[in-house]
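What follows is a set of structures for review.
Shared between the two complexes below is chain A, which has chain B as its partner in the first and chain C in the second.
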Partner chain A sequence: MAELELSNVSKRYGGLLVVPDISLSVGDGEFVALVGPSGCGKSTTLRMIAGLEEISGGTISINGRVVNDLEPDERGIAMVFQSYALYPHMSVAKNMSFALRVAGRPREEIDSRVNEAARILGLTEFLNRRPAALSGGQRQRVAMGRAIVRRPDVFLFDEPLSNLDAKLRVQMRTEIKRIHQNVGATTIYVTHDQIEAMTLADRVVVMNNGRIEQVGTPAEVYASPATSFVAEFIGMPPMNLVGADVEGDALVLDGGTRLPLPETLRTLPASHDKVLLGLRPEDIAPAGHGLDMAAPWSLDVPVSISEPLGAETLLFFELAGKEWTARMLSPRPVAPGERLSFNFDLSKLHVFDAADGARIN
Partner chain B sequence: MSAATQMTPQRETGRKKRWFGRRLRGGMAYGALILVCIAILIPIVWVVLASLKTRREVFLEPLGLPAVPQWQNYTQILETAFPANIANSVIITVGSVVPMVIFSLMAGYVLARRVFLGRRLVYVVIVLTFAIPFHSILVPLYRMVDALGLLNTFAGLILPNIAIGIPFSVMIFYSFFRDFPAELEEAARLDGCSPWRILFSVVLPLSAPVVLSVVILQTVNVWNEFLWASISTTGDEVRPWTTGIMQFQGEYSSDWPRILAVVNVVMVPLILLYLVSQKYFVRAFAGMNK
Partner chain C sequence: MASTRTINRALRGPIFDYIMIGPAVVLFSVFIVWPAIQTLYTSLFAEPTKGGAFIGLGNYREMMGDPVFWIALRNNLIFILANLVLQVGLGTVLAAILDRGIRRGSTLMRTIIFAPLVIAPVAIGVMWKMILEPNFGLLRQLADGIGLPFPTQGILGDPYLAFPAIIGVGVWNYVGFMMTIMLAAMQGISKDVYEAARIDGASAVQTFISITLPGVRYALVLCGLIVIVGSFKTFELVYVLTAGGPGNATQVLGTYIVESAFLVFQPNYAAGMSVIVLLVAILFGSLQVYNRESKVKT
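Entry: the complex of A and B
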């Protein structure tokens, strides 16, 4: 187990700066998820930690030891690839033991470690099979087993569940969580799936354009997104975001709708400053179909689309030139065009600077 | 319901037309393949039959069956220099193909998978050498081999074969390794493998189809090589079968049944090699268009 430290790490491909400057500390045994859209630099960051990509600047330390110039196998890390990267010509046992055999470990130690990992992962009966004779989930477990037998300081996962179907993904997510709880190793997990990040990680690192937008616990990034990007990226359906002006004790949405400025937002900047207002779908609900609200504000609007999900229904409506999403609890059928009185919980408003997207409140 | 009923005959006609189209296309494809097979097999069958005829029969009954199969044509060639020629051909072929495949495989791998200055230039130069006709370098090659004192030696036959075969082999290996999954090599790096170990423990075991394909192609080339052998060998010590076959050809007449018996015998190793490895051969070339 180990601590991992990234200090001002950057990556440049020729003239293209893909990761400008990243600093991150990961504690011993912590599970950290790097999450962000495709091309945000999360996989590049992981590959730099693994030593598969050279870094262009900064330092990477594992347990206080700078590993910038060390080969991947000298860093004390193990990695699970998106494509599993199992050696097709080797059996499960040989795949799992390959690193130990390369390192010249004694036969008894190799057998004991492989058997232990196979037991943890439920692979004992498949040890003599080739990867081609395994299902997707079993291959994923072998990939994890290959990492476990090395007893690394840091586990790296690069979108390990992307190739699995939805059901298996949920199953393997639980499996990964269980293994982390058992093994307790420091883990960096890259994913573009926010649900994976939120459910698995102790802390979530949201990345965008090669930069870290926010680091925090899943609850923190959800409840207090640091930027409008995080607000929109984390949460499904995404947060409703709309431009507005601050005018005295009111917020004037684009299009002229005025909202009263709630008590919690009295410290907003001077009047007439442009801001972005955010409100999560669960903080907007038709009257009688939501949770209790601290500062409700009502508006009658026609519903454009309703999406019944069983326990709740998502309702879409137009306001201030944007399509808004609301969550209807204890749902009833809603026809398109039906006017409903929506309650907006203004105490839950998120306010961001319209220019740079930084959180204001 | 009535609309559906009215549509049924049209759908039925369309389905029949599609079925007929598929059968027609399939039939035409099979027909073309059968014609190609016949075109390839007829000369082989003719050679086998002619090798069992007398010298007179070959000319008087070129398309007929041998009246009495002349098996002694085969036993008699064993009493000539032919067995020694075959042994020489085996030495030349193995001595050429093994190093050629090893060097080409390593070169193709490095050019496809490692980043270094001038990589593209090296590959382009190799491809360009493939485009140079062998005939155009015969004279300088002869003078070079002569200057090295290698005329009429195995080395003098083997080294040019290796040099001539490498560009094509490198191109095939290069194409294969370009598509080789990078994650497998990265996983091997994480597992502590050196570049050599990655090549021999991970890449090579997964490259059997392409290695066997190159082995087959180059074995056929070297086994059948005539031009350079005819120029650079004067004595029987290193003479391969391609030039050794000329012993059955006189100034005024040729012993065609024995020449064809030799042809049949030398075909056997290549046919066996192909039969043993055809699965990989087909797989390698099917995979190259991916």
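Entry: the complex of A and C
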């Protein structure tokens, strides 16, 4: 078990600064997910923690010990790769025991640790098979087993489920969560899939352009996104975002639609005349087909597309030059062009600075 | 709608397949299979100068008692072993250095090491013969320049140095080819696997032994078989450099066959030796095919 500390860590490739300055504390046994779009620096950050990339500045500490100049195997970490990175010519048992054999551990200890990891992961019957004779999910479990047998201080996962099909990904997600609950190790998990991040992590670190946009529990980043980027990135379907002006007691959307300024936003600083308004799809619904709303505001608009999801339906419509998404808690069929009276829960409005995207309310 | 097919439907099928492979089969039969049968047939008869009667395995019995045949066969085996170690071994090490070690200038080094392969073996033989020439060769001048002794009869005229020199020239000629095959195989190993080994604490040597070598085992076997067959058939380099001399010190089956057939005029005896070389080549050739099929199955 271990604590991990990143202080002002940066990474530069020649003249290109890919991670300008990252600071993050991860507690003992905590599961932290680094999430963000491709190229945001999350994998680079993980590789710097692993020691596979040299850092250009700052310090990385594990259990209070600075590990900047230590080789990967000296850091007390284990890593699960997106490609599994199994040794193709070795059996499952040999793959899992490689690190222990290299370290010259006694045979009995190696066997005992491999058998224990295989039992936890349900791999006992596959110990003599080679990776080529395993399914994608089994290979992923072997990769996790290889990490578990080392009993590392910190587990690092680099998009471990990306190569699996959708169904298997959900199964493995549950499995990873169960293993973390059993093993209780400090874990850093990189993913571009916000659902993985939200479902697995104790805390989510949302990254963009090499910077941390927000660190918080899944509930916090969902309910109170710190920036418009986080608001749009976290949540499926994403939050509806539209430009607006604050004019006295009204919010005027781009295109001229006027909304009453809700009580909760009366204290908006005067300097924020131009804002970005955000509203999640579940906070917009046809009358009688949504959640209870504290401050409903209604508008009749024609539906452009409907996507039935079984118990609920996603409805798309045009407003203020943008396509909006609403979540209707009903399987009722909606024809394209059908006009519906949508309720907007203005008490749930998120307001961001139009210039830098920072949250205002 | 315009058809994108280039072959008419009526032409496709087994008949078309036979038509397509027909020329290759005919050429192979006329220039490889038939001469091989002819050679085997010829080897069963006495020399034309001795009446040319059918003598069965007489030429093969004579071969068993011919000391030069055994010298040539021994030299071929030494050539195979030396080339396995030096060409394949050195090629693998150079490939590993270029793949995992050297970051800058690897393309230039690869080109330099590969370059000798594009020169014809006869030209290489002539070039090295000039370099090793005992009176005014480059090596003689270098040795004189730094005060080292040089054999009076030259390296290629010394019965103990001539064959190692031929081996050295062969290595210089082919090591780039082996290195290229091995490098291509090594570049097929995932970078993630090396990183996983690094996290697992494997040293550079442990990584080479535990990850790289098993990952390139099929390429290694392929190189080994190419070297075995090539070394067993070797002719040009030895013929140009020493023609099997001094004495018979560098005689190999290839040069001994030519000498027997065209200098001593024992074509039927030479045919018998050719059959031996052919059988060995077929044996290792089939191992090569087996290796390729095993790789495909894996």
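Criterion: the second predicted complex is superposed on the first by the 358 of 361 C-alpha atoms of A that agree within 3 Å, B and C clash if a C-alpha of one lies under 4 Å from a C-alpha of the other, contacts with A are read in each partner's own complex, and residues count from 1 in each chain.
Here is the rule we use: a contact is a pair of C-beta atoms (placed from the backbone, for glycine too) under 8 Å apart; a residue touches a chain by one contact, two chains touch by 3 or more.
Keep in mind the model is a prediction, meaning the values are calculated, not measured.
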| item | value |
| --- | --- |
| Chain B versus chain C as contact partner of A:99, first or second or both or neither | both |
| Contacts of A:132 with chain B and chain C, given as first, second, both or neither | second |
| Touched partner set for A:190, first chain B, second chain C, both or neither | neither |
| Partner chain in contact with A:52 - chain B first, chain C second, else both or neither | both |
| Partner chain(s) touched by A:73 [first = chain B, second = chain C, both, neither] | both |
| Touched partner set for A:87, first chain B, second chain C, both or neither | both |
| Intersection of the chain A residues that touch chain B with those that touch chain C | 50-52, 71-73, 77-79, 81-83, 85-89, 98-99, 102-103, 146 |
| In the complex, chain A residues that touch chain C | 50-52, 71-73, 77-79, 81-90, 98-99, 102-103, 132, 146, 150 |
| List of chain B residues in touch with chain A within their complex | 181, 183-184, 186-193, 197, 202, 205-206 |
| Residues of chain A that touch chain B when the two form their complex | 50-52, 71-73, 77-79, 81-83, 85-89, 98-99, 102-103, 146 |
| Residues of chain C that touch chain A when the two form their complex | 190, 192-193, 195-203, 206, 210-211, 214-215, 217, 298 |
